[in-house]
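One chain, chain A, appears in both complexes that follow, with chain B as partner in the first and chain C in the second.
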Partner chain A sequence: MKIRDILSPFTVWKNLFRDPVTINDPVRERPGAPRYRGFHKNDVKKCIGCGTCETICQNGAIDMVPVDGIAAKEGDSGLRPRIDYGRCCWCALCVDVCMTKSLTMSNDYQWIDRDPDAFRFTPGVDKKKWDDAELGYTRPDAHRLTPEERIHMQELGPETRIGSFIEIVKGYSVDEARKEADRCVSCGLCVATCPAHMAIPDYIAAIRDGDYERGLKLLYDTNPLPEVCGRVCTHKCESVCAVKHEGDPIAIRWLKRHIADQVPLDKYRAIVGAAEPATGKKVAVVGAGPAGLSAAYYLARMGHAVEIFEALPAAGGMMRYGIPEYRLPYPDLDKDIAFVKELGVKITLNTRVGKDVTLDDLRKKFDALFISTGLHLGRSTKVPGADHPKVFQSIDLLRRVTLGEDIYCPEQAIVIGGGNVAMDIARTLARIQTKKYGKVGVTLLCLETEDIMPADREEIVESREEGVVLRPGYGPTRIDTDGDRVTGTRFVRCLSVFDENGRFAPRFDQSDEIAISGAMVVESIGQGMDLSYLPDDLQKQIVFERGRPKVDRHFRTSLPWLYAGGDIVQGPDVIHGIANGHAAAVGIDIYLRGKMEQ
Partner chain B sequence: MRELYEQLKRLFPLGEYTEQRRDLAFVTVPKDHLRPLLIHLRDREGFTHLVLLTAVDWIEEGRFQLTYLMNDRAGKRDLGLRVLIPRDGAAMEGIHDLWPTAATYQRELREMFGIDFPGSPRVNGEFILEGWTGMPPYRRDFDTKKFSEENFNHRPGRATKDPAKHMKDKLYPDEA
Partner chain C sequence: MALYEPDRSQYPAKKPDGTLDIDLTSGKYLKLWQGPQHPGITGNMSLELTVCGDEVVDCQTHVGYLHRGFEKLMERRTYIQCFPIVCRICVPEPDFNEYCYAAAVEELSGITAPRRADWIRTLILEMGRINSYMMYLGGQAGSLGMGVIGQWTTYVRDLMLDRFEELTGARIYHMFILPGGVRDGLPEGFEKRMEETLREIESTMKDVHEAMFCNAVFKKRAVGLGYIDPALIEPYGVTGPTARAAGVAKDVRKDFPYLVYPELDFEPVTGKDSDAFTRADVRRRDVLLSIDLLRQILAKMPHDGPLMAKIPNVLHWKVPRGETYIRAECSRGEYGYYIVADGSGYPRRVNVRGPSYTHAVALLERLIINVNIADVAGLMVSLHTYPPEIER
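Let's look at the complex of A and B:
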């Protein structure tokens, strides 16, 4: 050891009486730099509780917690992020990923408290002095961790598609689908809004992993018609997708279609699984539309023998006889139906219940019944002239086109109605006119102004592209006829469709009249149901509510053995039909197993 | 900058060119041409200063990208040279003989990414991590979340909820 090492500790002493080089600085305001990353702020009204901030935090500093006064609702979980500053490293990944830009950071970083738990709080909910701080860190606009734009979908242009009934949307390639799937943050906000509560983030993750078998299995857990829904679903889920706040929502519907398109039918059984052992119970389903097929599929899975009775020559209901081929090609619909059959469901076609077989017969032969006969009676405007033979119902024409009939289609046609079915017939007529006359002559008028037209936005855009003339905001007063010819229709401007209570009560300006010429009129203002196949004594026993059979949460009517679903219960929508077909199957299964135990 | 790139291209087999600003551009260079290009830039084009040397882990492609950022003080411009090397057994020839400061960057890259620079001074010595034995933490397959969970405690009483599950409980508890 050197002598210096022994003495050096003592040399420190001589510094003891010198002036210190450091100064005593009491705690006082020392503002952070303008873009300093300090304590978080959250605009809780804008935040949707998606939890993406929690997922990205590499320090596990965030918990999603319920907050008083913020309820869960569609598109918002009601949860809000709570941050543990014992773990936060101020990296701002949570701010950068935030799906709504609600989460930011103040430049405030000074805060002293003796209670360590005080440093765990919910920004925006637990009031803090920096809540109104103007400076701090906000995600710069160009700085995105998830791509904002939807992967482009290849579609046929208007000039090509108008000449035929070929499908417009081409579908994603494997690579495109993976890129689109990559934009999903797996928050699951969309699941509550999907009527069938499909496992959306999970099947999207399956695409990301390229695992189409897992994807298909997940689809079939809640929806036995994925090819159909992947094309024509009303995709309400996309309207609440977390990504929509700062970009395009995920193309959920097209990703679903992609999975089903990717797997050939002959692989389905091995992937989705076969039916459970037979229970010996028999269920009859009336109507082979989405609800009927869905109920039949899940009942067959559970081991019950199912027979569907269908009046028309092919199964599918509105999916086949309503929706045109350019939106849903028959081979894709047939693929979904084929797997329902493969599971053992028997479909008896060309058999109208109430005529070819009575409901009482079915009741005797089967243990339970599910009726899903849909809405096939077109409603008339009942204006003078509406009973003329050249005035048609959209639903009848669409059915006849599917059946291969040559329908009456003059050079100028008038369509009345603003929903998707009106669009379907307008665009169908436009195609027939193009083939026949080389040009389109369809005028579509409806009470609603364009902003409140019930049709999907893309239908409005695409029909215009195809040459259909839209005149929203008019109601018909009279159809002009001349012997066996229709010459045109008079309309007056509609001022409002609903009254203050939101009830249908259109008001018109009679002085603002227009005349549209056309040799045919198609009414498409809604459909009603035909339940005449239910014998009178049953009709009396079933409770109706606003014209629809009243059902419980298992879609059971007031009769223990009679279940009802689809459009006759919930109004026209494929995915609702599928969801309540499934719910009814669960209910019927409980009912049948109860009987088996007796 | 584009002009400089065109000139350099006549002398070196350069790859992709990205102009970020008028005074900042990046160019990809094959590994073996980095040294002659650096010397050329230093001695002929005024890029005398090595601003920094850093790396990016392109794990999907199985490659590391090294970025040598060079500054031309008189010309007030920066040029970044990108070199891609295989991630497996990642190693690169050092440039500490051209700029002694490079040794510090090389030591940092060795520690944080596990990229070796054989012969670089003290390249295997600890840099800022002490007693680190695991995977280099800037590698993309390093599980930061797991590391933080294993090394830092949670305060008691924490609880979180899954948004989708919470919505089911609140909005449709009875449905399938």
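Let's look at the complex of A and C:
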């Protein structure tokens, strides 16, 4: 025992006249640190209700709930997170995983309320005193819990692809697809937006698991043309993808294609299943485009005998005769069609309804009819000179290229139109020119400025890469002709395309005129339908709405036995056609089963 | 000064099967329950003591008052969802759970956290170590009758919590070290404020040394209390300061270097007397070592570079089949996570190896024999155990 040990403890007496910490530094309200994880804030306008916060919360503290004044729309579920502070553990994983960065935390941590239910509220909707707090936890930019960059798809370079009609994109490898599929957050906003309501997160999960059989089955539940849609779908799903808000959207289209590419055709029947027992009912489908094939497929599955009547020498409709081969190779289209046929669908080619066989004949021979004849008539600009023989319709030219005809293609060509079909013909002509002359001479002009051009962004970029000259924002005034030759076209600057009400009403600046020379003009400003095969009495009985047959939710026209779908009803695009065909098949099945019971 | 000398003749004889011959009806022995609330903030745990006079002749530990089933909960949560859970396994020193869990998931997934994240992780672990010791010192002194030490150490611990708050965004459960890296870098001016805090702690540690370690009363009660024979260290799985106080220089930071410890200059603190006093002194000097380490870390750490590795989408993170054991030196000894992954999105098994389990159950039951009732709390605290971690 040292003397120091006796004395030393008395050193605490030095604090005898010191105020305790609690008096020196009394309890005072102070804000939390700048990155303090306090009560949640949510920018409800930025929030898209994707629900990843709800998914990641391990406490089950978050519920996605409907909110007054916020309606569901494309890309927004209309739901917003409600947080139960009896469960929340302030881990902020919800903030870290938020796809839009709308969910953040304030640095406020004090809140007293006698009502326990008050501690369950919807941030941003139920007003709180910390709503405007500037400090608090927000996800640091570099801190990501979901990969934001899309896996790059290998594709041919412009120099290689311009020389042929070989498919541009090469598809994902299994490893690439799995990595891309890993990025999906399974929110399902895409399912709501897809016209066919495909089970997108589920088939993406199948890719992650490497289970392509499950993936293919899921695809065929809602879409019998996965090879086609995996290549040329307008992919509205990707435009609403939650991941796009803080990164690139998931390559949903390429992933769908990946599944179909992985499974050989001879395995399809075992995976997807055979048709139901025959019902003895017969259905005729007019037109072997996406809607017709889709309706035929699902009707055949339900056990009905289906026959498709197609005017052209091969099935596929616009998928074959509109879309160029470099976007949709014919073998892939044939694979999808082959499985439709394998289910027992009969396709009668080179048979134009209205000419080779009448609709009345079909009406007598079949129990129900589905018409899906598409938009195969081009629209003219009707400017002076538009009736010249060297002025063409894009849709006619594309059809003739597919049929193998040698089309007229001079060194300089002018394409009028800013949609995907205009891009298709411009890029097709560019390929033919490269073969013939070794160089590209296509100028594409359209009313819309580049930011509002209806064509896909990638079409605009790729056509430029291939040498097509784009002149957006011009409208044609006159096509200059010299005897049987076209010499060029005059255009004026288009000031605006739509009026205040969003109606098509272009305004031009006549003083800003340009002349483009070219020995050929292709008009690609829209398409119309040819329903002349419908007998006059039927034409009168069918109710039309804005030029299209009016249909109910089962795509039944005003005649009980006549159903219609595809571009003549909705669209124009492949996926709407497929969705229409499926819905009509369900409707026809209900109709036929009703008849059977009678 | 009258000293307490136990009368050895009172000890119960052993029966042939090894159990003690205790007849409670004899009036010689008494069952006495201590806990689950204890003086000296060890958490909730009960001791069923059999005493003879005021001397413990037998002890049965009872745990379970804090059982929350974390290991089982984790089997039903995705890998990222386990991240907010693990820190709760050990309330006063949560960061080791975060680090061990994150490092285990990273190893199983083949991910390497960025170097800068490793520095920040080390920083956090050392800050947590100081906090844990501050709690211990208050408890150790309090359990042996000195209330004032706890008031001082709680105050400086609070300053460190302020540093935690500005760095991690939370005071107790930081939830900052997640698989792949850490959430964020140091806030502006952090080094300066940290230095102020470290100085305050150093000054407090001086006072603590004077008032607690140079104190006849504390020495009288703590010297010789709970002596652990160095031969028991291995068979009882004793680690950390408890082992080092027995002269066994076990320190995971040195023996199995992890994070940036190989780049730091330090020697494990050891003692030789292996009693409650030596253990307290080892821990006091460990605080000073941690202060030194924190200064080294802040001086050497890089200030830019990534903080998170590229990790898979956490919403369906599937960890490849495998198993691993990750260990770290916490303030009480070896802390470890043993994780078995079966290739699914959920851990197949997570086993948390906390030092409290070995120290507070088997070791305590042995050391407590012959100890005076009044010293039981002091002995318990000297093993520095946290019951929440016994019952994962």
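Simple rule for what comes next: the second predicted complex is superposed on the first by the 566 of 598 C-alpha atoms of A that agree within 3 Å, B and C clash if a C-alpha of one lies under 4 Å from a C-alpha of the other, contacts with A are read in each partner's own complex, and residues count from 1 in each chain.
Methods note: a contact is a pair of C-beta atoms (placed from the backbone, for glycine too) under 8 Å apart; a residue touches a chain by one contact, two chains touch by 3 or more.
The model shown is predicted, which means the values in this text are computed figures rather than measured ones.
Legend: residue contacts after superposition of the two complexes on their common chain; A:86 is shown touching chain B, with no touch to chain C. Of the two partner chains, chain B is the only one touched by A:71; chain C is not. Within the superposed three-chain model, A:594 lies out of touch with both chain B and chain C [touch as defined at top]. By the touch criterion stated above, A:208 is placed in contact with chain C alone, chain B being left untouched.
By the touch criterion defined above, A:35 lies against chain C but remains apart from chain B after alignment on the C-alpha atoms of chain A.
Of the two partner chains placed by the overlay, neither chain B nor chain C lies in contact with A:313. Once the two complexes are laid over each other on the shared chain, residue contacts for A:185 go to chain C alone; chain B is not touched.
Of the two partner chains, chain B is the only one touched by A:63; chain C is not. 58-59 are the residues of chain A that lie in the contact sets of both chain B and chain C, per the superposition on chain A.
On the chain A side of its complex with chain B, the touching residues are 49-51, 54, 58-60, 62-66, 71-74, 77-79, 84, 86-87, 116-117, 120, 187-189, 191-192, 197, 201, 222, 553, 582-583, 586. Across the complex, chain B meets chain A through its residues 144-145, 148-149, 152, 154-155, 157-168, 170-172, 174-176. Residues 77-78, 80-85, 148, 151, 155, 162, 165-166, 168-170, 173, 175, 183-184, 187, 207, 210-211, 214-217, 219, 306-308, 310-316, 318 of chain C touch chain A in their complex. Residues 1-2, 4-6, 8-9, 11-12, 20-21, 32-37, 52, 55-56, 58-59, 89-93, 96-97, 137, 140, 142-147, 182-186, 205, 208 of chain A are the ones touching chain C in the complex.
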